[in-house]
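Pasting the structures in now, so scroll down.
You will see two complexes here that share chain A, one where it goes with chain B and one where it goes with chain C.
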Partner chain A sequence: MWIIFRREIGQYFASPVAYLIAFAYLLLTGLVFNNDLTSSLTIRPADPAVVPTFLSFGMVFFAPVLTMRMLAEESREGTLELLLTAPVRDSDIVFGKFLSAWFYYTVLLLLTIVYPILLLSTTPNLPDLGHFIAAYIGIWLYGGATLAVGLMFSSLTENQIVAAFLSTSALLLLYLGNLAGDIVADINLANLIRKLTLGGHFSPSFAYGLVRAEDVAYFAGIIVIMLFISIRVVESRRWR
Partner chain B sequence: MSQNTSTPITITRSDIGQTFGFIGALSVLLGILGLLWQRGFTLAIVVLFFVGIIGLVLWWVISPREFVNFITGRQARYSTTAFFSTLLLLGIVVMGYIILERSALSADMTEGKRFTLSDTTLEVLNNIQREVRITGFYSPRALQQREVDDQFFRLYEQASNGFVTRNYVDPVAQPGIADDFQANDGDVFISFLGINGDVDMSTVQYVTRSSRQERDITEAISRLLLSGNYVIYFDIGLGELNVTDTSQRGISDINDVIRAYGLITQGLNLEELAASGALIPEDASAVVLARPDVDPSPQALTVLDEYMRRGGDLFIAADTQTDFMRPNSLFNDYMWQNYGLRMLDAIVVDAIASDETQLDIFSYAISDLEITRSIDPGTDPNTATKFRVARAIDVNTEPPVSNGSAIRSSENSYGETDVTTLAQSNTYTYDDGVDIPGPLTTVAWARNEANGANIVLVGDSDFLTNGQVGTPPGNASLFADSLLWMTGAGAAVTFSFETTVTGQPLIFVDSRTLDFIVVITILVMPGITLALGAIVWLRRMRR
Partner chain C sequence: MIEVQNLTKRYGNYLAVDNISFEAQPGEILGLLGPNGAGKTTTMRVLTGFLPPNGGKISIAGFDVMTDSMQVRRQVGYMPERIPIYPDMTVEGYVTFWAKLRGVTRPRKRVAEVLEQVQLYDRRRSLVRNLSKGMRQRLGLAQALVHDPKVVILDEPTIGIDPQQVIEVRESVRQLGQNHTVLFSTHILSEAEQVCDRVIIINKGHIVAQGRPSDLRQQLQPEVSVYVQVGGGSEAEISTLLRQVPGVNGIEAQGAGYSLRAQKGVDIRPHIFDKVTKAGYKLLEMRPVAMTLEDIFLDIVGR
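Then we have the complex of A and B:
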């Protein structure tokens, strides 16, 4: 698994596209952070969850871009068949690729910790650190779940664009499902839909500084199920 | 000329069979989902299963070999195993999620412990002896708000050993229940439950909503626990301000405030009681004399004295331009001899803590007492009291009972003794040796430890009127907190929360620092990644 992981990480850092993604990511989070900072000056405390809250939407688009090529490209170029003949398990291939994407995302996330550090160095008025940590734990798990969804769709097709489109659509549904109450009249059904969504497990808890076991279980569950399906899809090539 | 060549579309038996098979499988799947959702068979579910079976049978009839291969083939075996193992994993994950959701395990990481109940709340919850219901009204549109609130409600449920339960009502789907509560979307109510387990509507308390959810809910529970246990009598026999008068000069608003605290208010006529030989009712938790025009008669004073000897509580709001508590009057002497407090014929003029004129005085020196617990103008100017033309109070330093000043004017104040000139021409100047140098007491208290009698004496009454009780809100707090202290009800609604979201510091960053942050976060950091990307790309190009 670690061989796959290292190979994928190497590909990330050797690809200009990954830097372009990082550029877009840092530019957008920087704009969001500065916008919140200027609007909160002397009026209210800085929002410790402003960047994670933005990322809860941003990952709908970032995750597919980070994962679309992972299995789809291998499949299109025929290198997946080569990998399947190598002495690695199917699960190692999927785990290695997923962990590399999550690692890359973690690096991007850690870069945004510069924002509160900058605040700390210039003013003693720091935002609520506990709240900040909870929001970052939440968006880290959230990001893991979105990457797992992206990887699963990448395993289903040979076309990167199709994989990106399918995973963006699925993630958008999982994000917008949070607003089910606006269109569903039955409150029980709306609540059930909310419980299935990514936002429903981030915005009322992590974004407020609260870490709930059920939310951790939800994101971990999404990761486990999506990776399991991805492994089965990769494995299905041996059944033919 | 181009020639169009069209490829004929061939539909095989296999295609038709597969289509039927797909329709059949989809129908069976939808039927199973419908069965799980409805928890029973409906006509639609029966139709779906029927279509499903027909579809699968047709597939078998049209292309039997393919059907058999699909069922028994290597791919089918693996697919089936994969499908059921995924289903099993999904079940395990869902089960784990449900268990964790019910256990309500959480870690409150906020610095102010925003999602942790304070000791005060736990103390209030320990006093609950009867089942309490939190009823929240949330439509599907307010689901997110419901989930945020629910995190607090379930803390109360857990900490009360089952005495507090929560229930949610959709005001759109159940407008009748919303009407009973007069509830809007997002409203929350606290009430006791009746014997049959339904909400006891006579006990319903509205929960005011602010960013301090815990305080709002705990205050509502406190009001519920206090509800009906304390009766406040307002005297009406000495020409006092009227609790039913809703004009600017009335005191109906303050009546509403203390009723909102769960206290009962009633009228009382001391003179009539004295004439009929009756006493102040046993259930009186406190008596209020709000700007009497005259002193009570000797007979009425006897009735009042008997009440005080029983350990009664008395709130007095005296004022200028009345004959109440004039120097050497019967009631003023009674108060001095028994409680070490008396009104002076002097109007407080304050050069520092005043508003439009030096006669509109703000609370300046505030003693640390229960009756002044909400008054902290240093932190929030709105918590100050404001008296418009107030009389000074003399506090005996060698009193017969415990007493003291609660609020005093500043060092740059004095008591104008020429009240007549002030009333006629609104002019005042300090006359050395004639006027009384400050600081002067405007609110005082006394407690007879032997019988538990309490008195709060205020040198102004206008602060209670509808026109002034909320400007600033500290006026209302002074009255409400005085009653809560005297009656002892304050023990149940004394809050000292650490949990306030406003406790976080505001950010003060100068424009130079702000520019530095913008440069680093928007230019330098993304710029470096872009430059690295360009280097990687150039290296690749060279290869």
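Then we have the complex of A and C:
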């Protein structure tokens, strides 16, 4: 598993696409932070969770692009067949790839820690560190979940574009579902919808600095389910 | 080393391999011969632990492919028909990746060795995407050999490369046979004849013949052929004369002479000689025509 992990990490740091994504990511998060910081001078207090909140939307688009090639390319190039004849478990293949994607995401996330640090230096009082930490933990888990979804769609097809399209659609659905919760009249149904969405487990809690077990469980659950499906799909290639 | 008993494999409703059984001894080079769609690749995929069979018992080096799949994979090196590549890796990186994945203990040393073996050592830092087709074949071979497996399975290793490289690949396969058990598939019959110790002819999922190339020829060759060229008379006279040679089943004009078919076991050459010389004609050429594996194959597959 770690052998695959290392290879995938190498691919990330060697691939131009990954750098483009990193560039877009850092650019956008930087703009968001800058915007918030300037408005905090006069309009409202700085929001420690501004970057993570942006990312909760951004990952809907970043995650598919980061993961689209992972399994789709292997199956199209024929290397998946070779991997499946190596003494490696199918689950190792999926875990290795997932962890490498999550690791790359974690690196990018850590790069944005510079923003809270900047924020700290601008205020005389210490802002709520707990808020930051909670928001970052939340978006880290959230990112893991979106990457797992992307990986799952990558396993289903040989075509990277199709994989990206499907994952983006699925993630959009899970993200916008939150808005649906706002529209629906029945409060119980609205709550139910919110509980199923990604945003519903991030905005009310992590974005406010709250770490709830149910949210952690939700994200962990998504990761587990998506990886499980991916492993089964990879296995099913043997039966075709 | 390889034992296949009653292997059956279906893709949905399509029966790709129907109850075949065969064996390979250690150090043997076994050729799997058959037209496209015969079931060669499917059989190989089952042997490598990639596809589970629908029926049958298959073991490699004593390990069953269903219950001890991981062990089987450690013992087998596989080179698929289309060499799978990671375009952005270097040659060295590619082979090292597979070496590590297959559990090679000293990857650097072993990778260098195997790259030398396939003559890619001086291209070790090139990107895989920049290799020519022949080099990719060699890369595929390197990947299959890096963990020094007991069994090497090659799917159509000589397809799509130039004649010089074909000769090199055949020679490599022969050399491999010295230390490994090799199973390779082809639909080029002369190749099977030249390289293999034994041949299995497979068609539409069935084994239609198996044995040593020379044995197969003897077994399956229905008739003996002799090519004769006679001078000193007209065509009509000569063909009539030749038809009268005892033991001849049939006669066909071929090129400048005639091809005489006789029953197995009958040597018609002395008879031809006698008949021709007694009639006063000149025997210009006489040679036996061995039925090649190609003819046998076409004959069997056509049935």
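Operating definition for what follows: the second predicted complex is superposed on the first by the 225 of 240 C-alpha atoms of A that agree within 3 Å, B and C clash if a C-alpha of one lies under 4 Å from a C-alpha of the other, contacts with A are read in each partner's own complex, and residues count from 1 in each chain.
Everything that follows uses one rule, which is that contacts are C-beta pairs under 8 Å (C-beta built on N, C-alpha and C of every residue); 3 or more make two chains touch, one makes a residue touch a chain.
Note that the structure is a prediction, hence the values are computed from the model and not measured.
Applying the stated clash criterion after superposition on chain A shows that chain B and chain C can sit side by side.
Touch criterion met: A:L84 reaches chain C, while chain B stays clear of it. Applying the stated contact rule after C-alpha superposition, one finds that A:V184 touches chain B and leaves chain C untouched. In the superposition on chain A, contact is made by A:L111 with chain B only, not with chain C.
Note on the composite model: angle chain B-chain A-chain C, taken at the C-alpha centres, equals 160°, rounded to the nearest 10.
Look at A:R232: by the touch rule set out above, it reaches chain B but stays clear of chain C. Counted by residues of chain A touched, the larger count belongs to B, out of chain B and chain C.
Using the contact criterion defined above for the overlaid structures, shared-chain residue A:G209 touches chain B, although it does not reach chain C. In the superposition on chain A, A:A14 contacts both chain B and chain C. In the superposition on chain A, contact is made by A:G221 with chain B only, not with chain C. When the two complexes are overlaid on their common chain A, residue A:A22 makes contact with chain B while staying clear of chain C. Least inter-chain distance for chain B and chain C in the combined superposition, rounded to the nearest angstrom, is 6, based on C-alpha atoms.
Residues 14-15, 239-240 of chain A touch chain B in one complex and chain C in the other.
Of all residues in chain A, those touching chain B in their complex are 13-20, 22-24, 26-27, 30-31, 33-34, 37-38, 40-46, 111, 114-115, 118-119, 122-131, 133-134, 178, 180-182, 184-187, 190-191, 194, 200, 203-205, 208-214, 216-218, 221, 224-225, 228-229, 232, 235-236, 239-240. Across the complex, chain A meets chain C through its residues 3-4, 7, 11, 14-15, 77-89, 238-240.
By the touch rule above, chain C contacts chain A in their complex via residues 11, 48-52, 70-71, 73-74, 76, 78, 80, 82-88, 97-98, 100-103, 143.
Listed in rising order, the residues of chain B touching chain A in the complex are 74-75, 78-79, 82, 85-86, 89-90, 93-94, 96-97, 100-101, 103-112, 114-115, 138-144, 147-148, 151, 168, 170, 172-173, 504-509, 513-514, 516-518, 520-522, 525-526, 529-530, 532-534, 536-537, 540.
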